[in-house]
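Shown below is the structure under consideration.
Naming follows writing order (A, B, C and D), and every chain is counted from residue 1.
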Amino acid sequence: MKREYCGVFGIYNHAEAARMTYFGLYALQHRGQESAGIVTWDGSALREERGMGLVPEVFNERHLSKELKGDIAIGHTRYSTTGASLLRNAQPFRVRYKNMDIAIAHNGNLVNTVELRSRLEESGSIFQTTNDSEVIVHLIAKHMNGGTVEEAVMAACREARGAYSLLILANDKMIAVRDPHGFRPLLLGKVGDAHVFASESCAFDLLEAELIRSVKPGEMIVIDKGKVHSYDMDMGKKRHHCIFELIYFARPDSMVFGENVYFCRKAMGKQLATEAPVDADFVMPFPDSGVYCAVGYAQQSGLPYEHAMIRNHYVGRTFIQPSQDMRDYSVRVKINPVKDMIKDKRIIIVDDSIVRGTTIRTRVKKLRELGAREVHFRVSCPPIKFPCFYGIDFASKGELIAANHSVREIERFIGLDSLHYISIEGLLKSVSTPDDYCLACFTGSYPLQCEGNLKSCLECGC
Amino acid sequence: MKREYCGVFGIYNHAEAARMTYFGLYALQHRGQESAGIVTWDGSALREERGMGLVPEVFNERHLSKELKGDIAIGHTRYSTTGASLLRNAQPFRVRYKNMDIAIAHNGNLVNTVELRSRLEESGSIFQTTNDSEVIVHLIAKHMNGGTVEEAVMAACREARGAYSLLILANDKMIAVRDPHGFRPLLLGKVGDAHVFASESCAFDLLEAELIRSVKPGEMIVIDKGKVHSYDMDMGKKRHHCIFELIYFARPDSMVFGENVYFCRKAMGKQLATEAPVDADFVMPFPDSGVYCAVGYAQQSGLPYEHAMIRNHYVGRTFIQPSQDMRDYSVRVKINPVKDMIKDKRIIIVDDSIVRGTTIRTRVKKLRELGAREVHFRVSCPPIKFPCFYGIDFASKGELIAANHSVREIERFIGLDSLHYISIEGLLKSVSTPDDYCLACFTGSYPLQCEGNLKSCLECGC
Amino acid sequence: MKREYCGVFGIYNHAEAARMTYFGLYALQHRGQESAGIVTWDGSALREERGMGLVPEVFNERHLSKELKGDIAIGHTRYSTTGASLLRNAQPFRVRYKNMDIAIAHNGNLVNTVELRSRLEESGSIFQTTNDSEVIVHLIAKHMNGGTVEEAVMAACREARGAYSLLILANDKMIAVRDPHGFRPLLLGKVGDAHVFASESCAFDLLEAELIRSVKPGEMIVIDKGKVHSYDMDMGKKRHHCIFELIYFARPDSMVFGENVYFCRKAMGKQLATEAPVDADFVMPFPDSGVYCAVGYAQQSGLPYEHAMIRNHYVGRTFIQPSQDMRDYSVRVKINPVKDMIKDKRIIIVDDSIVRGTTIRTRVKKLRELGAREVHFRVSCPPIKFPCFYGIDFASKGELIAANHSVREIERFIGLDSLHYISIEGLLKSVSTPDDYCLACFTGSYPLQCEGNLKSCLECGC
Amino acid sequence: MKREYCGVFGIYNHAEAARMTYFGLYALQHRGQESAGIVTWDGSALREERGMGLVPEVFNERHLSKELKGDIAIGHTRYSTTGASLLRNAQPFRVRYKNMDIAIAHNGNLVNTVELRSRLEESGSIFQTTNDSEVIVHLIAKHMNGGTVEEAVMAACREARGAYSLLILANDKMIAVRDPHGFRPLLLGKVGDAHVFASESCAFDLLEAELIRSVKPGEMIVIDKGKVHSYDMDMGKKRHHCIFELIYFARPDSMVFGENVYFCRKAMGKQLATEAPVDADFVMPFPDSGVYCAVGYAQQSGLPYEHAMIRNHYVGRTFIQPSQDMRDYSVRVKINPVKDMIKDKRIIIVDDSIVRGTTIRTRVKKLRELGAREVHFRVSCPPIKFPCFYGIDFASKGELIAANHSVREIERFIGLDSLHYISIEGLLKSVSTPDDYCLACFTGSYPLQCEGNLKSCLECGC
């Protein structure tokens, strides 16, 4: 099984479609930094450019002004959690089938890929990538017996189980689909005469586009000859939005699932202050992930907020190894404490996660060396005990510290005076439609089972 | 006249001197992003590598492990404010003179360059760069008539007027000098058996080096055959530290001039709240420059702190132009407001400067469009009315909005409900030795006149 | 229709298979400079690296030593004559089908691609490239119903009509196939314990491999678990080797079709001297294409051979446009006459082709300006009057000067004192098996018709 | 001591001066492939661009159209034989001195560098490179006490001893100088209204410029405000042209020293056939260096000329190491024999040099393996027994095979049936002014002694 974070963007009827898509992907860069791609319809064929790296590394002015012609475009930015970060897996995935050029940009993760693939191969399909997108394209092709591409997409979606937010170009038709459970976000907007789609509203803000609404779970929106058609594929009832979009994946200035991400995070911080108050000198985040919760915690508790660890804005992808004398370099280089603030202080740190605990442990140790009297830690996410099959990568079960250790054990391992994770109930108080979220990673109750054997899924480590 | 921001770093007696210098420069990257260079003494000659770009772009593993051999090194990172960003101006500047290899890394700005240069040319000196460093090297050479390099450096410093923090390698001797007024910072530290020098203490933190003390104004420290010698060049009395290091140039986790930068900025914010209180719903910074003052303002005023504008961490050096539809793109791409926080709110923004006012004006206009009821602005720096001759680049006088406009005019131009700049007296309350700072850019009282005609200096626009 | 020049190389059972393939492709670089690729079997999966550009530009040491692991490899170097020089069309083409990794390297051109493709699409196949290789892979997949890959390859070859020399990796099996007419060359060799395949013997020379024999037309050689099996697919009788390999495509130090290329070219030159003698002061080539014929002509005629035009060895892919004053720059930069040799001389130029005539015209004009008294031209190739459907790209019919103009017209256009093309009969005297060659481009008698309408093929200009 | 091959080019009064210089350097690429540079006068200052690599690698369209503005330019292409191939040593060398921008492009080698340098350092000069050019610039500066730059150049030339062909830009003046002995070539030409200078006439051919004459030994040509002035510096009588320009350094389509290079080389081949005839089946060159002599030898002897070794035109700067099985790869990759031509044949190889003999030995061994009955070798250059101090790099004395071994010993080492070097007298027959050439590398009679101790020079290996 393969899990991917991704961002998708599409625009229909804009004179500079590729350029707008470039900037849309730029705003969605946090959803995937491994590869990026843009496909446009130039009036007679699809044109594409894909590459490894960040959006500004993949595209240049020539691509946007000369090569990616046309006023319809989709784009994709991808982060894969598997080792196979080949260019061939970069999206949008593009094929030619019976005089139709089809491109697909996909965010999410199917749970019946293996079964679909082997069924397709039985009837002669050949695969070039390990992407779910390629599986979906084959499904569409199989269902296109004289019918329209819309019908084929609908039929394909009935067979695909799992999480998917799709943008499809089929020649000059643009099709947006969201799975019936609504695991991943997908939004519809408008800028001038153009329609736009994006994973998060921050992409609309950069383009000064207006957010209209979410694509609904189970909805297919088709834009054809300038007309917008909505189809209710009506395949499911219950919604299962991924709460991690709110906890840490989406940008705080975005709207997703109808929620303001900043407000949710601040509410989580307030809830933490209510659930687990402690007397202290100040509240601080690990920047930048913990900033919004820490602000909420500080406001609720009445304690001062301090930005006492400083982020180095020039930290990039440095591959040079530090000197042997520089222990814990990788922990230190990203954020550095303001030394004089720490001595003799009682500190509350608020952050959105504890993955392995080793980084936090090193940081806490440093704070102790600098003279901190007490260090308390508050986490705006309940303990993650189960893997996600729908597209969020926690390290495999063995590495999820909360899956194997009690809160007290983790507290001791990190060397904290106190540790508290937000409760599931507390977390749900921070959102407006608490029944619509998937909580499987906390509870193990999966809304959709992964195909095959759960045990082998847990063990595969992918 | 030429002004430069720069960071310097040196290390003596470390088995991985070049690598340590690399990481030291990495921590000082904010002091100069245009070019970087490292020079090492390999036991028989100096080796150098310089290039345009950020530190990780200039150096690769081969440079550090194969080419920049030796256990003594100096490095430099530079930002020039003139158009002439040629590789030839990258530092350290290196020459060969009578069997001695000399390299020099320089932070600051001389005020008598033109006079020194023309005097040197009269006696046959030829120049290849427009750097002050080259002038200093020529001065050193002229004074090396059979004497030691230390004597020559001292003689050169007596002729050079202005701001300079220097690190010099003369074969295997390392020499650190700070001008008698102490305009720019320079610190001495220790890591294991090695001595280190750096512009700011954040470089020591990354290397786990210990800060010992500042190089004193007018002091020359020579490390020769492992021995450290300090010479008091005793050329001046009055100190003139550049207060802009504290206002915005140094990193908030650094110590410079014996001050904790974070504390100073927070104190400025508190002072602003005292000088110019206003009733409002919350206080927010323009991230990240205004964060520390805003935290101070919020604490002093008792108003909530909100991080209501979000910085895009992937914004880099994109050269692709946005679409014509994307007005104010460059303002928007860097930070984006959390829309729903703004409506009907009375907002206090705290930041460290107003340069031309146009960016802030665009942002304030956006806040109004989103429904802000009141927008107040507080600046942690007094109005800048005069150019700096010692190494800080404000745009030329014509562009300094405060030089030509009253506070009320600026308030109206930006469209604010109220605007307040910190008072000079208030600013000085935030530092521990208020008499030791240069305030020329606020007052026009220059501690050292620029050579030649002030008027032409103001007009030259350099 | 798409025509491609290509070189293929394969090696089985060599500890440095990727490295040997790299050097094999290096020797075959003249067969394709647009893209290159290598695929290896690493013991459990295929690994690939493909890229645009020359072989040394595409691969680096890391690819060869770290990534392209395994002791079985195939490689491809490609020159496409269509505008679509996308990376996705680079070969070897690789897919995954039912637990088998398949890669294919293809030299040649099918004539029934369109028909095969539409038939495959009817049954649900999706295409990603415009390569014939992808068509062949789909055919193989369709035929692999429980049988072996060898059987499937054989079945696919029975459906594919046209020119193809194939190297296939199917997991750890290597399969070499040559079409029944033997249009394109493919050779088998041996170096140590390894078997090697290559388009030309010059690749074997570089690797110090020994040439064993040609893969026979209609033969499939399979190497499986170290055993070599030969299958006679027996699909055709008549051979149709492409005589252009001998005229100009293959390297002069190669063997192809059992012929020594150098000897053939010299024999063509001798035949020209016999067919069209003329009194002159010396014989010269346009280097380097005409050298071998010119040597033959000089020997047969008894006239001196002079290397009177000098090739600039540093001419590469310069994209900078010359100054407006530099007329005919692109003609001049490649070869330059030795001026003093030309004045008052009667000159015979020998070359292997006249495409549009414009370059030669400019050169002949220059020789006249330098004082040449007579200029005679001898061409070692009969007039090309018809397009090739099997993989050689002459410009489309409109541009083939000999298709539309008589020899006398061309003579006048270029400004020659005399022009002679070798006769078809004369050309065939230079090879040892004259009945085995395809002469369609001279005669219009095609051994295999292109699918569909000949007229539209001629007009398509592809 | 440092020896350099170089090419220089200059153009005065051409609207596209930089572009013309680019193409001039392109034609002179064979004189230096390590670095290249162009300096232009833009009307108020010099502009430069220099870089490591071939001419097309160093410059791009932006340099030529945007940055290197102006209608006066000089350029340089350099190959250094020392390890120190730093960018800082790339030429033209440029400095600023008393409101004058000076750039200098230098071909040749001074013999009194060390003495000049130490004298200059005594008076305070500082050096940044190890180039002779920098020494010359300092000399010019020292002599510019209120006088003109022409006078200063003349005075500098009186102090500089050795080989130099110089092109100097001093603001908008262009100055061309050739040393009084005329060691290195320098030519004056004209294209339209522009004057051009170049090391060889092949640069003029590419630009369609007309060759006017050589700059005379001891002549200084100054172009100032469009006027051309010639000054006879009258410092020497005897000419000492470097005969290696004719033997192998210059391009065969060039004129240098008033000689046609192709004719000279063919005459050397004819002379070899006269001096050392032998019965054989054919004459062949090692391409491309031996082609012109081999043609001469074949014509004189009446034996057939065969191009029996084929050069791989794609051999570039590959850094990937061959497989361990590929012995003698570097010998084989460049040229490959036509195997079937060799068997049972008696072969005469003609080439222009034997350096260490090891490459030739490998090639001769290969010919024997392929069945050659006899292999005879003829060299168009007398045995080189002494190093050159004027700019030609033979490996140091220890590596010059002819300096330490008799012809019979070399013959045996290589495994030849016979070996003959052209006689000095025979060599001089191939030129028109035999008294004007330097023969020091053959005879040890140096026209100008190297400064200091000859023995140490021989031993320094530089």
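In this section, a residue touches a chain if its C-beta (ideal position, glycine included) is under 8 Å from a C-beta of that chain, and two chains touch if they have at least 3 such contacts.
Just so we're clear, the structure is a prediction, and the values are computed from it rather than from any experiment.
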Identity of the chain that, by mean CA position, is farthest from chain D: A
CA centroid of chain A to CA centroid of chain C, Å: 49
Whole-Å separation of chain centres (CA-atom averages), chain A against chain B: 38
Averaged-CA centre spacing for the pair chain C and chain B, given as whole angstrom: 61
Touching two or more other chains - residue numbers and ranges from chain D: none
All pairs of touching chains, each written as two labels joined by a dash: A-B, A-C, B-D, C-D
Interface residues, chain B side, partner chain A - complex: 14, 16, 19-20, 22-23, 26-27, 29-30, 33, 54-56, 59-61, 64, 191-192, 202, 205-208, 251-253, 260, 262-263, 288, 291-292, 295, 298-299, 304-314, 316-327, 329, 332-333, 336-341
Partner chain A, residues of chain C touching it in the complex: 94-98, 118, 121, 123-128, 137-138, 141-142
